[in-house]
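Here subunit A shows up in two complexes: once beside subunit B, once beside subunit C.
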Partner chain A sequence: MGSSLRIFLRPERCINCYACEVACEKTHEGMGNIKVQGVPLVCLHCEVPPCITSCYRGALEIKEGIVVIRKDYCTNCGICVLSCPFGAIMVTEVERDGKKIPRIHKCDGCWERPYGFAVCALTCPSGAIGWERFEDAVVSKREKVYRLYLRG
Partner chain B sequence: MRRLLINEKLCIGCYACYNACEHGVVRLNDEGYLRKISILEACREGCIYCKDICPTGAIAFVYEDFKVPQEILLAMASCVSCGLPMATEKMIEFLSKRVEHINLKVCPDCRRRSSQQA
Partner chain C sequence: MRDPISSVVCPYCGAGCRFGLVIKDGRARDICYDSDHPVAQGALCPKGNSALDLLYHPDRLLFPYRRDSHGRRHRISWDEALKTISTKLLQIRSDFGPEAVGFLASAKVSNEENYLFQKLARIFGSPNIDHCARLCHAPSIVALSRSFGSGAMTNPIKDLENARCILIIGSNFAENHPVVSRWVWNARDRGAYIISVDPRVTPTTKMAHLHLMIRPGTDGLLLNAMMAQILREGLENRDFIRSRTEGFQELEPILRSVNIEKVSKQIGVPLGDIITAARRYANSSASSIIYCMGVTQHRSGTDFVASCANLALLCGHIGRSGAGVFPLRGQNNVQGASDMGALSEFLPGYVPVGDVERRRSIVSLWNQKDIPVGGLTITEMVDEILSGKIRALFVLGENPLVSDPSGAETERALSRLDLLVLEDIFPTETAELAHFVLPAAMWAEKSGSYTNTERRVQWSPKVLDPQGESKPDLWIIGNLGRWLGIWESIPTPEEVLREINKVVPLYGGITPERLLGRREGLIWPCPEENHPGSPILYVERFNRENGLAKFYPYDADRDATPTEEDTFSLITGRVVVHYNSGSITRRIEALSRYEPKLEVTIHPKDAEKLGIRAGDLVTVRGEREAVDAIAKISSQVREGSLFMPFHFPEANRLTPRDLDPLARIPSFKDAKCKISTKGT
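Showing the complex of A and B:
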């Protein structure tokens, strides 16, 4: 199961087809974790995540470089939603006994899916969402910047 | 009869107890820029989910006769960018002690939008 593989975004390649949103919703029981508004945005899985520092129950944890919510610890209070600097933690209202209760969900890097691969990256037709090792992504980004620098 | 008593000074107006209560004793309504938390009925014996879950320890149980329904009104802070209510002011104050370098004046939706436009 993709040990050090992560989702990397290349926003300049996005063609606004919303395939990733649909794929994510389908895999995560109708609660999509990716939003396309011009360019796709998912959780960036920060190295020092403010959501983890803000959570008073320790419901968020880092699993192999991916920040995940432990559903049995989460109280759906909404504090982590406010703490995320990118607004990548989503809230969906669910019906329970006639009242609407908010459910909090975020990108889990598809770590428990059978594919061993993030579905958004698998679906993306233009390669705007990549699924690669951290080191490879850094090298390719450096290459791109260097090419732009050479071009002037 | 046992009832819930929420400490108004400590309550930050999050969704934790509202989500945890399976019997619908804790009610939460957003009316414009005010969040209203109300307890109108007595609750069941033996259930301590809400007390267990409260981030500030604001919940206590009292075994007195059921007197007055409790209502807590909390002011909502509005987003600087879109002007819509985003969270209670106390919740933002609670969060500002835990995280640094995060602009808590902007709502999550606007943050997402601005990071996608950058």
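Showing the complex of A and C:
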């Protein structure tokens, strides 16, 4: 995956089909990192991520443009969950030693997986989640505006 | 990373997406997304994504079994099963005649299997062969064949992005064919104007610039009003009408007499919206119509489809890139099953059974002199079971108990049969009534070709071994034919496809060799070996004998019926996470958790009037039966109408058995109901 390719949302296109949720869960052992609530909500891998700024243990880092959790540092305290403006950091209760404990997890860009890109973007039927270089994305936005202008 | 050998066609809807199966040690471990695919570009809806849960589901049927009169199951061997079934079938044939046996083919099995199945039924001597296309797009086959000469989609799905205006009528493709929405969105981003006609608010209507929320069942009135407005403003394409069509003089006076103001009140949509829709559709350089079950499943289904065709012809929006008529088909091979003649009135290649000469030339290839004609459709077979004329039914992968109208009637009929044989992958509701249940292999466990909604024929190879003792349908049908003494050997899928090449001219050049080599498949008509396929139909001429399209007049005003005050129009439909009778998707946790139970949607004002609160258990009373459901209160439906997904056994208990006179489709969308809180 090229480092300048970014997950790119076109939320107006979302048809609420949950394909991304199902695909993400199947890829991440049942711990889905994307939620559909009228629009798909997933980590956008910000350049200055509030989750990283807020984490007192330094348990989040940027690896090749992808914000990832360092599992052995994470205390599951949940500050990152509160700090994320998109609600893109997930909390799931898991069982450990017979007790239910919260577990923090988030999008890893499927960076270790052999699909070529994040499965949510690959699978999205309507094109609400895609991937593009920022430079290309702005060009296509301009083209869209021009076409709308032509139509009047 | 992409391994062409493991690329299979998705087993769900008619869009025809492909995906890769990653296979390790004989087991599919993961799904790969095929970014080069011409329809899906790698996308998959939630159903496609959960395909592995389907393959390895613990409920799968793995052994043939017989049910005794107490309902107990007895595992039997394949030989015993086929021997007993064939003996019983032959007995029934000699006692009551061959027409006492009905055959239901399947829109979920390959072209080869459907072809062989209808051949078996017809050589056996029964004209009663039909499949569930009867329940979805039979009116499209009838109406589009007589208007254009061919009953299929005119342009490929991808071509939607070239449209400048898209009229969506009675289709909720965002839930039923999710990948279609990417092409409609592309069109919209390129500046196309999207009009949606639907009595409900759906994810599809949210795509539209203009949503006409008509009263259920008034599609014909709206289409005629739009055409009337187009004529009134002189926006019709006179050149096209003159040079490429006939019969306009019969339609014109009907349209001239339409009172648009009155129609606006009848259908419950502002006059201005009708006029805008008419102008936008007529004025754009390339307009397309997408329609689906909302148009076809009515008493006047054939007329409604004819009106869609009339509208396209009136403006000349057909036969060009971006301009076409798109009936979206619901199952991965419903187009193919129809092409293969698994319908009572058509032989393979849409040869009408009544056409003596062509019929004889086809059956001579089967070494037969002639075959019986005048077969019954699915719903008619149910009637004839009740009247005692049909004694045995062989069902290939269908679940009529849930998918057919008036469930109680269907149940009564199926339990009366002397012999009910079901071939399926899961123990469905219908299996509870079957005398013999035969386990079929799943799509990835057998080879064959599938034809998607845009007429694209794709090969799906066998990439896994069948589980348990389950067998490919071709093996089962082939073997049954042997036991019945119809043929001697079981053909391979390739051999059957070669026979199809000879029998069906549309598939003439779609040979196994060509298909195996191209993942994107071939689009029929493809008459010869070197023909590239025909993505866009009717570019120069229509498929009717004289090359012209024909207008079929329809006076919609004649059929307009006022509804009673306290009855509701029940709309049945689909939701994104479920598939048809739900026998597959209700079992898959990853999907069913989104819609675990049957809900009925009611408008807030109606709910308030009747004292129904969200989450209440309510009773919905149809003409014959009453069922319970959970109330969901939402203005996604109009006042006076209800919505229920038919993926649950209850919904079709309420639908009526009235048929469209031409296509003989039941009027699923015309149900009338009453609703109240349970217990009151």
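In the analysis below, the second predicted complex is superposed on the first by the 142 of 152 C-alpha atoms of A that agree within 3 Å, B and C clash if a C-alpha of one lies under 4 Å from a C-alpha of the other, contacts with A are read in each partner's own complex, and residues count from 1 in each chain.
Methods note: a contact is a pair of C-beta atoms (placed from the backbone, for glycine too) under 8 Å apart; a residue touches a chain by one contact, two chains touch by 3 or more.
Note that the structure is a prediction, hence the values are computed from the model and not measured.
Room for both subunit B and subunit C is found when the two structures are superposed via subunit A, with no clash between them. In the superposed model, A:C43 makes contact with neither subunit B nor subunit C. Of the two partner chains, subunit B is the only one touched by A:T53; subunit C is not. Applying the stated contact rule after C-alpha superposition, one finds that A:G78 touches subunit B and leaves subunit C untouched.
With both structures placed on the common chain, the touch criterion links A:L150 to subunit C but leaves subunit B unconnected. With both structures placed on the common chain, the touch criterion links A:G127 to subunit C but leaves subunit B unconnected.
Using the contact criterion defined above for the overlaid structures, shared-chain residue A:C107 touches neither subunit B nor subunit C, since it reaches no partner. Nowhere in the superposition do the C-alpha atoms of subunit B and subunit C come closer than 14 Å. Shared interface residues of subunit A, touching subunit B in one complex and subunit C in the other, do not exist. By the touch criterion given at the top, residues 14-16, 18-20, 22, 24, 53, 55, 86-87, 91-92, 94-95, 98-99, 102-104, 107-113, 115-117 of subunit B touch subunit A in their complex.
Contacts from subunit A toward subunit B in the complex involve residues 11, 35, 37-39, 41, 50, 53-54, 56-57, 75-79, 81-89, 97, 99, 101-102. Across the interface of their complex, subunit A is touched by residues 1, 31-33, 35, 40, 42-46, 48-50, 52, 174-175, 178-179, 181-182, 185-186, 189-191, 193, 203-204, 206-207, 576-577, 590-591, 594 of subunit C.
On the side of subunit A, the complex with subunit C involves touching residues 10, 13, 15-19, 21-23, 25-26, 114-116, 119, 122-127, 144, 147-148, 150-151.
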